[in-house]
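The structures considered in this document are given below.
One chain, subunit A, appears in both complexes that follow, with subunit B as partner in the first and subunit C in the second.
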Partner chain A sequence: MSDFLKRLFSGDSAEDRSALNQVPNDPFSDRLEDNVKQLEDLFLYPANDALKSRALSIPSINRRARVLFIAGAADTEKINDHIIRPLLASQPAEEGKEPSVDDIKDNTLTITGSETIADFREAVRRLINGSTVILIDGEKNAIAADTAGFEKRSVSEPTREIVIKGPNNAFVEATDVNQSLIRRQLKDHRLVSETVTVGKESPQNVSVLYLDNIVDKTLVQNVKDRIARVDKDAVLTLSALEELIEERPYSLFPSIMTTERPDRTSSFLLEGHVVLLMDNSPEALIAPITFWSLFHTAEDQFLRWAYGNFARIMRLIALFTALLVPAIYLAVITFHPEMIPTDLLLAIAGTRERVPFPSLMELLLMEITFEILREAGVRVPTPLGTTIGIVGALILGQAAVQANLVSPLLVVVIAITGLSSFALPDLGLSVMVRILRFGFILAAFLLGFIGIALAFAALLAYAASIKSFGVPFFSPLSPHMPSSRDLFLRPISRKQNLRPQSLSPQESKRTEQEGGAGS
Partner chain B sequence: MIRVSDGKIGGREFFAIIYSMMAIRITNSTPNLLLDSGITAAWMMPLLSAAFLLGPLLLLLPLLKKHNIGLVDLLYKLTGNAFGRLITLALFVAIFSSTSLNGRNYADIVTTMYYPETSVLLIMVVLILGASFYIAHRGLEAVSRTALLVVPVFMLTSVFLIISVASQLNYYYVFPIAGSGAGTILKDSVAYSAFYGDIILIGILYAYVRSHGAFRKAALWGLWVPAFKMAVFLAVYVMMFDYPAVQNIAFPYHHLTRMAMIGTVANHVEAVFLALWFIGASLHFAIYLYLSAFLLGKVINYREFEYLILPLAGIAVVLGMIPDNHLQGEQWRKLLLEVSSGLFLLLPVLLWVLDRFRKKAKP
Partner chain C sequence: MRRIGWKLGIVLAALFLSGCGERLELEMQAFVVAIGLDKAEKENLIEVTFQISNPQVNTSQAAEAQKEPPADIVTITAPDLLSAKEMAQSSLPRKITFSHLETILIGEELARDKLFKHIIGSAIIDPEMRREAMMIVTKEPAKDFIKNNNPTMETRPHKYYEFIRQNWKHTGYVPLSNLNTFYQRTDHELFLAVYATAQRDPEEHENDDTYLAGQVPQSSGDPVQMMGSAILRNGQMIGTLDGEETRLSQLLRRKNLIEAMTASFPDPANEEYRISVVFNRSENSKIRVNTDRSPAKVEVMVPMKMRINSNLSLEDYTRNEERQKRLVKAVEERLEKKSDELVMKLQEEYGGEPFVWYAATRKNFWTMKQFEDYGWSEHFTEADVDIDFEIEIESFGEQIRPPSLKQGGK
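Take a look at the complex of A and B:
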């Protein structure tokens, strides 16, 4: 009984269930047949034909050997050219001077990234990651050569973060390609890439990238701790990992973001962020983020000062429009009609006269219709895309007005709002604004401008209070910190003098006085 | 440059807190008290009050630096446990009752000027139990950062408001320059210096501020900037409405926003000012609720004082409903101000004397 309880509460039972841990951690025997048989059993050999093997005899030591690899994971051409051919071509050595396993690995194989391994668990781990394992008769060590050859697509243009001016390559599904894209931008020897694994049943490698001389060390530790705490059998993509390491999964405010642009990733690294890369994910995860990460685009820095800032001002207006305009419309119509110039007020009253619904209903009807239209637009097959436009614009706009369902001014309000939410660069920010808009509509319906003000104050307090990995959401604006002042607007490049080395991570802290002379 | 926050409050955030505590007074019925006694020279009184408080503040700053603890802990250390507790209780009563009375005052303004059919209770509840409680509940760091985000906007709006009424001002209305006479003005400036008593009170947050330099800078700027703003607005009220009419206007700020025009198209923009004013109000009461809870926590030795914010907010709403109308509340406010003025002016002096005395007694 106590044993059962101990197992129940000790929490290491999950550890035992892990697939790789079920592989016996036995060392190799010195009989080739036994080793091969054991590996074939582990890969369920006759039923599962993934494990391929080739028997050969190595002339230099005059012994039999087996070359094993997994079809689809390893590159067979590499195996032929750099493993089997050198092994077969090796010259018979003199008596007593036969090369050891290490000698073969170092001096016979013409492939980089080979290591000697000694147990089955390591052998299985290497094989599923695309390596080739060479077993030699009479040896208790085997050679694992890196021959990974997973299929991948070539680097292409970004699809979500499009710029008119600037580099145009995007991440692909292979980590090594992504890392090379980043290293091509950031030629710095202090760019660290650490590998951690996530997932218990089928572990995946996650690369943690940061610039060692700039990043706050507690931040890196925090990110790694969070990844280590993930308790899942399998984490296949970065998007899944994103939610698992997030601080507030229920919050509307994102605390991590993804980007598909290597240049943006590099500039984040230069600012001291931590970047996560993972196989199978054509994007990089940036942590931590602030409001500015969501608000800025890559192009702001590529365009000239005035053009980039003009775009930013427009985006700021779009942000407030998308968030507040329907609520303000409702508040003005129902609580503060004196704000509208008299002529316009009469015109509105004239068109509203024939609409039977209260303003709130009318507004919600249009808002929900628009959201459905947008959701449908994402899923509609491309050839039908124009149809959605016609349905949306003509039937819902024109006909709804003619049927006296909504007033024409409201259609204008909804159209501007919808357009504005498309101008927001980040998907998370855009969706957040769309959801919050309904809250503001409700607040405006209840208390007009006072309702909007109180809701906005609460929203602002929430946004200001949250932290992403310890970094406040609006920093360095509030709390104020020394920065390159790249916030709502950006200064010219010459003045964005970011000198990370001059910033000690701890600002002049209060020195605790000892005793106090007078007491 | 990304940096992990150290949980302390910087100088700018602290200034923003002080500003949102004090500067908003110009929008409630505080100006009426000053206009009643100062008449056309009312604009001098905030400056004089601030000058009177500068002395105690300058006494307090070195004390805080020397002991490196917050005002409440300093009180306990210098006056002993029992007296310290008593004075802390007095501070709590002063600011909590002003939270409650001011809350009622704001609700009265809204129901009088903007929403005549809404009940006072509803406004009180959504303002104090709703937004202010929520903001205070997010913690001091959140309050300070929110304040820093909105205070620049408030400063700009003030300037904007004055510009938009500038064409309607008559500069000769501020004469006679001495108003009700130098003696009266000096005397009443002292009596009403509790308007800026907050500057002494925020000493209780000393331990949360990043450095002494930041505290000192924020306190000095936080004293003169709101005082200057108040002086400018009092002068504008007199120039706009003229004496004696200005004495009979209940809420001069809100009348002023009604007069504001932007060009010829938008000649009623008071709703915009209403919204901005209410954001400021919710922040103002959030800070007061937080400080009340902090002080009460110290009095009753309750460490998790954040849990006191909700009950205090509820009590503030209930207490605020006691006055029958806003004129009655006004009398109580006046009394409270005069009593707490003495407290804020004398407290630093008391602490300073005790500190000197103890230093001499010890060796």
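Take a look at the complex of A and C:
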């Protein structure tokens, strides 16, 4: 069985089927027709009409040339204005003073980011990334000009991490836009953006961002090593990459988090975290993370000290409510009836008299209904959204009680629990809590409060033992390390001048830094 | 994966096999809210009356069963409380539980019997017994008390007892008496239990608090009255204290438990009328016991604040410092006199004190053994007790001075 599981989970990576590696690494010939033919074959022309070409003659050297690009990947307007027009407008040069390929690239083209390339593999790589390749008759080198023009949406408001007060822009699917959003927040020349590729067959660029003067260098190396170890034909989004570079893919506890807020990303960078950006993903991956990263929201810092901490206290209550209340309810009414006031006890006992199921069944029935409702609410097309509300309110609220399927108090318990799980800011934390809740219900069913206490102790022990990229999950609280105590509650901004030492930043104090201080 | 599965199996097995025997659904339990203990006709047997709350009456709309009574009352004759609990099961389909039992009523006849301490002492073995349960001694058999107690507003018995449990805090007519304190004072110290009855035997007194339960002149409403206290010594009832004595005994403690209490006194400015005042005690009393001399000397200083509540004589105390002083002096003297009488009564008739003075005495000894050898209760009966009330007038009520009705007549 273990062999089977291994094959199932590890995936088949024995043979190297990387497409780019199958492209012959041949240099260009000096015959234009041969080069064009070769490229057309590689792009399966004419069956595939993606490769577009335009033949022209360059007056300055009086030779034929071909401009090739991929429709959809390149911006045709840029090609017209900055490549074809300058090439055609070039003045015929004097005999013997004809410009070289480099001269044309540097002095004729009005576009930045052009390079000369010499082989087909590079040409294919450039073409699929949106560059334009200019082949010139009689030359063994070609020019690749950066004309990438993938369609992208404009910067819009965040949908998951909403704040009432504070900046309201979110990452989009284009890395360059995302980088510009971060750089607008963090004007620091030491903000490094390294590019690594991931995926063998259809490689994607991943940008690794960090502040060179703060970040722990071994952490950067660790992250880059993990990305390098990814062995997949294609990694399309950051979410896929997240699971591939995670330490414990089976664990309920996340070790990396995503955020769609540039301001949050910047503040993580300032603490010495590493940020990963990738094309096609409207979010940033942040590593390493601690419990606090999941528990905090951006707004905690935007609001004044008291307001922000009030929100945090409420969130903490919500966390425990979402995790424990159904289990406590079950434990109390099946094991410890002496714990609740007599009035409440009699009310529950009275309504339970007509309910045909044991309390556990009753509770699971409602819990599962609520989870289905929640899943349905996410998937339902927007025009049908209101239906979910009506059906949910009716089924959960009234009908189930009137049909004596559940007792009214249980509806309250489930509603409070559900509401509390919505108050958890991070998706990973929220789902984790929802799953753990069922574990606690089982523990309460078996052993009452003792069961809950045992399960909670086990949960805490596990959570305190795990690490994300070498950083303990509850640090800097436990193990205790110097920090500005921005944990359950936050101190006032002026006192937050120490970076969490659990991340081993190079500069521990925020104020000694020259730029970007005071996130 | 296989290794983890194995460990997971052990954990789950431990959870499943550890037994869920204690688990019981709520609707399968019968919640006893009050029990009554009485002496049965046969020697060494007791009658146990269970008052079981009906969860389908007045609890929630969804559960309402309109024709059922709010509580079921079952009386069982058995050798002890726990066997009665078991025997009651012969007629009740639900499992009887004491987890919400907060009132224990004891018939005076049983309380005065030697059997009582054995019955109540063995009851605590049941882990379901709550030590904060209120202990009430009833003049008549407890089973009659339970039957006759039909309050109009609190039809559900637990609510009635819950409210009445708070009563002593505002009046001081009855002492705080729960099982926990009872088990602490099973020796020669006196324990005061609430004294109650559902039989009326009205008397009319000049003072407002010198009644014992049943004597309060009341003509309609629920027949139950709770006033005064039953004195228990060595787990056996030996006498009663009326409302006033109960109040004083609570004032003479070191720590204050009563929030406020109203009392009336003859008005020193005009003897034909009475003036009623509200006392509250914010500080602890100071108790000093001198055990070096014989007889021992007890000095008690009780600081109190007084608010004038009603002033029948309509004399103006607000603007007359002389009258204020006279009032304070009169009240102090009266309280001191009454306290001396109470202490004397306790010394002569009951041979012990319910004021927790033993705690102050204990401080004089190095070891517990020395204290036990000293024998505080014997020394108390001989002791010189000096009680001093220090009263301060806090306010003269909402109106600064009484209306000038009288002046018009002059």
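FYI, the second predicted complex is superposed on the first by the 480 of 519 C-alpha atoms of A that agree within 3 Å, B and C clash if a C-alpha of one lies under 4 Å from a C-alpha of the other, contacts with A are read in each partner's own complex, and residues count from 1 in each chain.
Just so we're on the same page, a residue touches a chain if its C-beta (ideal position, glycine included) is under 8 Å from a C-beta of that chain, and two chains touch if they have at least 3 such contacts.
Fair warning: this is a prediction, and the values are worked out from it, not measured in the lab.
Undergrad: Thinking of the overlay built on chain A, is A:Asp176 touched by subunit B (first), by subunit C (second), by both, or by neither?
TA: After superposition on chain A, A:Asp176 lies in contact with neither partner.
Undergrad: First (subunit B), second (subunit C), both or neither: which does A:Glu371 touch?
TA: neither
Undergrad: Quick one: is A:Glu338 in contact with subunit B, with subunit C, with both, or with neither? Answer first, second, both or neither.
TA: Once the two structures are laid over each other on A, A:Glu338 reaches both partners.
Undergrad: Between subunit B and subunit C, whom does A:Pro358 touch in the aligned arrangement: first, second, both, or neither?
TA: second
Undergrad: Is A:Leu447 in contact with subunit B, with subunit C, with both, or with neither (first, second, both, neither)?
TA: A:Leu447: touches subunit B and subunit C.
Undergrad: Just checking: does A:Asp137 make contact with subunit B only, subunit C only, both, or neither of them? Give me first, second, both or neither.
TA: Neither partner.
Undergrad: Using the touch definition from the top, say if A:Gly350 reaches subunit B (first), subunit C (second), both or neither.
TA: Only subunit C is touched by A:Gly350; subunit B is not.
Undergrad: Per the contact definition in the header, classify A:Asp103: touching subunit B only (first), subunit C only (second), both, or neither.
TA: So A:Asp103 meets neither subunit B nor subunit C here.
Undergrad: Counting residues of subunit A in contact, which comes out ahead: subunit B or subunit C?
TA: B
Undergrad: Is there a shared patch on subunit A that both subunit B and subunit C touch, and which residues make it up?
TA: Common to the two interfaces on subunit A: residues 335, 338, 447-448, 451.
Undergrad: Can you name the residues of subunit A that touch subunit C in the complex?
TA: My answer: residues 1-2, 5, 333-335, 337-338, 342-343, 345-355, 358-359, 401, 407-408, 442-443, 445-448, 451.
Undergrad: Okay, in this complex, where on subunit A does subunit B touch?
TA: 214-216, 218-219, 271-273, 288, 290, 331-332, 335-336, 338-339, 341, 447-458, 460-462, 464-465, 467, 469-472, 474-484, 498, 500, 503, 505-510, 512-513, 516-519
Undergrad: In their shared complex, at which residues does subunit B touch subunit A?
TA: Per the stated touch rule, the residues are 1-6, 8-13, 66-68, 77-78, 110, 114-115, 118, 123, 126-127, 130-131, 134-135, 138-139, 141-146, 148-150, 210-212, 265-266, 268-269, 271-272, 274-279, 282-283, 286, 355, 358-359, 362.
Undergrad: If you look only at subunit C, which of its residues touch subunit A in the complex?
TA: It is residues 1-2, 15-16, 18, 20, 22-27, 29, 31, 33, 53, 55-56, 59-60, 62-64, 97, 99-100, 102, 128, 130, 156, 158-159, 162 of subunit C that touch subunit A.
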